[in-house]
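Below, each structure is written out as structure tokens.
Each of the next two complexes has chain A plus one more chain, namely chain B in the first and chain C in the second.
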Partner chain A sequence: MIPELGHFAIILALLVAVVQGVLPLLGAHRNDSAWIGLARPAAQAQWLLLLIAFGCLTYAFIANDFSVQYVAEHSNSQLPTVYRIAAVWGGHEGSLLLWVLLLASWTLAVSLLSRALPEVMVARVIGVLGLVSCGMLLFILLTSSPFERLLDIPQDGRDLNPLLQDPGLVIHPPMLYMGYVGFSVAFAFAIAALLSGSLDATWARWSRPWTLAAWIFLTLGIGLGSWWAYYELGWGGWWFWDPVENASFMPWLFGTALIHSLAVTEKRGAFKNWTVLLAIGAFSLSLLGTFLVRSGVLTSVHAFATDPRRGIFILTFLVLVIGSSLLLFAWRAPKVGLGGRFALMSRETLLLMNNVLLVVACGSVLLGTLYPLIIDALGLGKISVGPPYFQAVFVPLMIPLLFLIAVGPTARWKQASVGDMTVRLRIAFAIALAAGIGLPFILGSWTPLVGLGVLLAIWICVSAIVQIRERFQKSGNPPPAFWGMQLAHLGIAVFVIGVTLVKGYETEKDVRMAPDDTVEVGGYTIRLLGVKDAMGPNYRASVGDLELSKDGKLLRTLHPEKRAYFSSAMPMTEAAIDTGFTRDVYVSLGEPVGVEDGSGAWSVRVHHKPFVDWIWGGCLLMALGGLVAASDRRYRLQSRFSAGIPSALKGATS
Partner chain B sequence: MKRFLIPLGLFFVLVGFLAWGLKPGYDPREIPSPLVGKPAPLFELPQLMQPEKKFSPADMKGKVWLLNVWASWCVSCRAEHPLLVSFAQQGNLPIVGLSYKEVRGGDNFKVPEIETAQSKAAELALGLQRAETWLRQHGNPYTLSVMDIDGRVGIDYGVYGVPETFLIDKNGVIRFKQSGPVTREVFDEKILPKVKELEKS
Partner chain C sequence: MKPRHKRIAIIVGCLASLGIAAFFVLNALNSNIALFYTPSQVAAGEAPKERVFRIGGLVKSGTVKRNEMTIRFVVTDTAKEIPVAFTGILPDLFKEGKGVVAQGKLGADGQFVASEVLAKHDENYMPPEAKHAVDQAGKTANTLKQ
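Now for the complex of A and B:
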């Protein structure tokens, strides 16, 4: 009964979405206030219905209702309750339901937080979001309902993939989806602005907090996913350039470009067409990611079970949404003015370079991701594209970008003087240069890449200090937007330090260890005491007992595990990590290799990873920076600045 | 106006490639074997049930047949096996089993640094015993089986993941190769149509 209610709620939500997607848009076109007024209640009703559907599915999981096919395939009566809830989005159908619920939640947020916006604009934005929702709900109902029943009710469920039975994976997908789906709001604002024909500074200011919010979630989601891969997959890597990872990274790159471009459009009224295109692009890439993960056209380690029918549906949906948006863009964009003029050397130019670099980087990731498919389609053979391509192409694009992070904010709008900026930043650059030359020697040995990484990170940090000092001298306490920017840029610097130092100085050893054997890594000694058997709720484990010590002093014990889940043939590795501010010691168990000789020996992999946690620390700082920037009062005082004030008058505030 | 259509144009190129990827039967994991269209490498190996007799692909001249590479330590082989057994019962096509590295491919076996005739014989005996036990337990779909105890023949056939299945025509030319377990779909959509075509010629 409950699953049928859930299914029914989705059908009702689709009907409401049709109303929400059609009438407010028509109303805005014909200036019919009754139809315009439908937008908010429809959005709220749709959210409530999808919440009910989601609740029904969650209930089916908690109650172990294995008559529901999706539950039978992704849960098990021995699965702990928290993972039963996480299993709701552990497969294709449920994760789609989460997708539409989050879309409805963003729409709800728009409907509640847009009192200051003109009603026509709100109606258009909510209408566009309703149309997107229509497509996804149809997709669920026609190809991927999570509420299908089974005639043969199995005794027990097949269990959630053991890789997903992890606290990190409980929150990673919702975060990531919040980011993906959140770009739909910036997209809807862009489409609404194109429809109304007024692409102006007000539109940019309305879009900014929403774009920032989506970007924060996406940043956290990607960071969490990378952290999870690091501690869960057992080989100590944190990014693999897998198509599914790239699918989340591409919207992030576009979203980052969009945040910067929106700033120019708001402050200077320039880049309008470009900004609209980025807003369409960021959401299009999110949809493309959905397609890549669920259609089976690419090989990936963590794609969903695929079905060509679903692929055809999403591709059609992609063509309708993205195709019509780009057509609308091609029709409206020629009439949009150019906005404020600027000189060759100005903050506008530097931000344009930022945008070009980010978009080209995104293009290179897209090309690498799709290259196997393209080559195969052209009949040129079968190839796979791995990390060497991405490192060779992506890193050189990031170097000028990192260099510009420190320069951009010091440039004036409209016209900047190179000589003036050189004077202001020359000491900062000298410090960075000294650090790039000297610091690697202190940490170990000097290599060009480590030197360059350190130089760029320190360059960003010292330049931030210069900017903050100048800012205080000029105008007192700067607004949150300024602090947000500095925090996010600092996050990039921290991230770069993490990547550079872990790449430059990490060491790893694969050894055969019998009890009482020791292995040295990065100045630490690890002694194997033994491996014991233990039972978990739905798995059997071999738990290693190892001692970590340095200079003869015992630091702690480590307990890596090798788990055999009852439901899966694949053994799982649970690494044991001693996390530190400047390094991780990472131990994972391989295979028992001493069975025949009775020595009880295991193959053990140990890593010493300097500064690896700075990678995720950097992501956190970036997200925090986004949060601070989004909290700027400006965005909440929108009603006072109505659309009439020319944007140029409000320039030079940050 | 024209330059504003560029994004739309690029998008449609992308859609073209994605749509191509959705065509029925497309599998990005499929790796074509360079051996397809080439004569099956020759070998001569002792038969599993009658080790005194030898088998060579030349013996199958004039027949369309399957060569299935398997091992008792291979987990996916177990998944594939019932399908082979039920297929063999229909009796349309001879299946020759190639037991691949039966002993050294599994766990817990170290190849001695200096191989002697004695160590080889011991390995072969252990392999024969394991393979026979496995076929007794899971059913024997094979017209006959041969032992590739040291994996030399596997090298000639480019075996990189067991199970692998080769379809060989009347002239001894490899016509199709499946890496990994053969599924019902692969049988119905790829192997059987090819067999029909080859038997006519």
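Now for the complex of A and C:
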């Protein structure tokens, strides 16, 4: 009964979405205030219906209703309740339901937080979001309903993939989806502005906090995913350039470009067409990510099913969305006008370079991700493009970008002077250069990449100090947007330090250890005491007992596990990590290798990873920076309809 | 500079950086592609001698031997077999009789020295490359019968 109720709620939600997607847009076109007024209630009704549907599915999981196929495939009566709830989005159908629920939630947020916007604009934005929702709801109803019943009810469920039974999974997908789906709001704003024909600074100011919000979630989602992979997959890596990771990284790169481009559009009225294209691109890449992950063309933990109908549906939807928005763009863009002029050396130009670098980086990731698929689809053989490709391409693209992060904010809008900037930044550069040459010697040995990484990170930090000091000298307390920018850029510097030092100085050892054997990594000694058996709620485990010590002093014991879940034959590695501010010691169990000789030896993976946590610390700082910037009151002030010339003249903040 | 010149300078700058980027990208792509070969193709001598490539198939039952940290096993596509050596810790889902994909180089003695054995995430899941290898071998066998 409850599952049918959920299914019915989805059907109703689709009907509401059709109303929400058609009438407000027509109303805005014909200036019919009754139809325009439908936008908000429709969005709220749709959200309520999808919440009911989602609640029904969650209930089916908690109540162990294995007559529902999706529950039977992704849950088990022995599964702890928290993971039964997380299992709602542990598979294809449920995660799509989460997708549309989050879309409806963003739409709800727009409907509640847009009192300052003209009604026509709100109607268009909500209408466009309604059309997107129609597509995804149709997709769920036609190809992937989570409420399908089984005629032959199984005794117990097949269980959630043990890899996904982890606190990281409880929050990683919702965060990532919030980011993905959030770009639909930036997209809807861009389309609405194209429809109305008024692409101006006001539009950019409305769009900025929403874009920032989506970007924050995406940053956190990617960071969490990387952290989860680090401690859960048992290999000690934090980024694998796996196609699925790339699928989330590409919208992030575009979104980052969009944030910067929106700043130019708001402050200077320039780059309008480019900003619209970026907004369309960021959302299209989110949809492409959904297509890649969900269609089964990729093979990974995220690719749940290989039903060709699903792939074709999403692909068609993708083509429709990109095609129609580009068509609209081609029709409207010539009327938009070019906006403020600027000199070759100006903040606009530097931000344009930022955009070009980010988009090219995104293009290279896209190429590396799609190339094997295209070659395979053309029947030219099977190939794989590995991490070396991405590293070879990414590093040279990021070096100028990182250099510019420190320079960009010191440049004036419209016309900047190279001489003036050199004078202001020369001490900062000298400090960074000294750090790049000196610091690696203190930390270990000097290599060009470590030196360069340290130089760039310190360059960003010191330049930030210079900017903050100048700002205070010039005009009192800076606005939150300024602090947000500084925090996010500092996050990049912290991230770069983490990546550079872990790449430069990490030690990885795979060794055979019998009880009482020791192994040394990065100045730490690890002794294996033994491996014992233990029982968990739904698994049996071999638990290692290891001592971590430094200079003869015992620091702590580590307990990595090898788990065998009852419901599947699949073993699971649980690493044990001693986390520190400047290093992680990472231990995971391989397999018993001393069974024949009775020595009780295991193969053990031992890593010493300097500064690895700075990688996620950097992501957190970036997200925090986004949050601070989005909290700027300027975005919530009653909008001035006579485009943003005053704010453009005010000048030099982010 | 006149505005028109400025615009041209910006466009030229963008195109130049795009060109450099394209060069880097294609160069990197060209030197970092790992081609995939089935055990039958390797046995027929089609696989490159010096380059890294991938093989896929099934881990033949009863062939997994351990010596300290080195593991030797045989990968088969049901028609031909390739001996593989790997030093390190295998992914959780490595199992006799199951599908496997390995990346590495072919040694002079005809043994495939794997630098990486790929982890897959689900026990019921067959890596598409491994499935492809077995399917190919099956097709060849059928053609021969006819």
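Keep in mind that, in the parts below, the second predicted complex is superposed on the first by the 627 of 654 C-alpha atoms of A that agree within 3 Å, B and C clash if a C-alpha of one lies under 4 Å from a C-alpha of the other, contacts with A are read in each partner's own complex, and residues count from 1 in each chain.
As a convention for this text, contacts are C-beta pairs under 8 Å (C-beta built on N, C-alpha and C of every residue); 3 or more make two chains touch, one makes a residue touch a chain.
Just so it is clear, the model here is predicted, and its values are computed rather than measured.
Once chain A of one complex is fitted onto chain A of the other, the partner contacts of A:Lys382 extend to both chain B and chain C.
Contacts of A:Ile465 after superposition on the shared chain: neither chain B nor chain C is touched. Contacts of A:Leu529 after superposition: neither chain B nor chain C is touched. When the two complexes are overlaid on their common chain A, residue A:Leu113 makes contact with neither chain B nor chain C. Of the two partners chain B and chain C, more residues of chain A are touched by C.
In the superposition on chain A, contact is made by A:Val393 with chain C only, not with chain B.
Using the contact criterion defined above for the overlaid structures, shared-chain residue A:Ala434 touches neither chain B nor chain C, since it reaches no partner.
In the superposition on chain A, A:Leu142 contacts neither chain B nor chain C.
The intersection of chain A residues touching chain B with those touching chain C, taken from the two complexes, comprises 299, 382, 569.
Listing the residues of chain C that touch chain A in their complex gives 1, 3, 6, 9-10, 14, 17-18, 21, 24-25, 27-29, 31-36, 54, 66, 68-69, 87-90, 92-93, 103, 119-123, 125, 127-129, 132. In the complex of the two chains, the chain A residues touching chain C come out as 161, 163, 233-235, 299-301, 341, 343-344, 349, 352-353, 356-357, 360, 363-364, 367-368, 371, 381-386, 388-389, 392-393, 396-397, 510-512, 568-573, 588, 590-591, 593, 603, 605. Those residues of chain B lying in contact with chain A across their complex are 1, 4-5, 7-8, 11-12, 14-15, 17-22, 24, 26-32, 75, 108.
The part of chain A that touches chain B in the complex is made up of residues 273, 277, 280-281, 284, 288, 291, 295-299, 308, 311-312, 315, 318-319, 322-323, 326-327, 329-330, 333-334, 370, 372-374, 376-377, 382, 569, 595-596.
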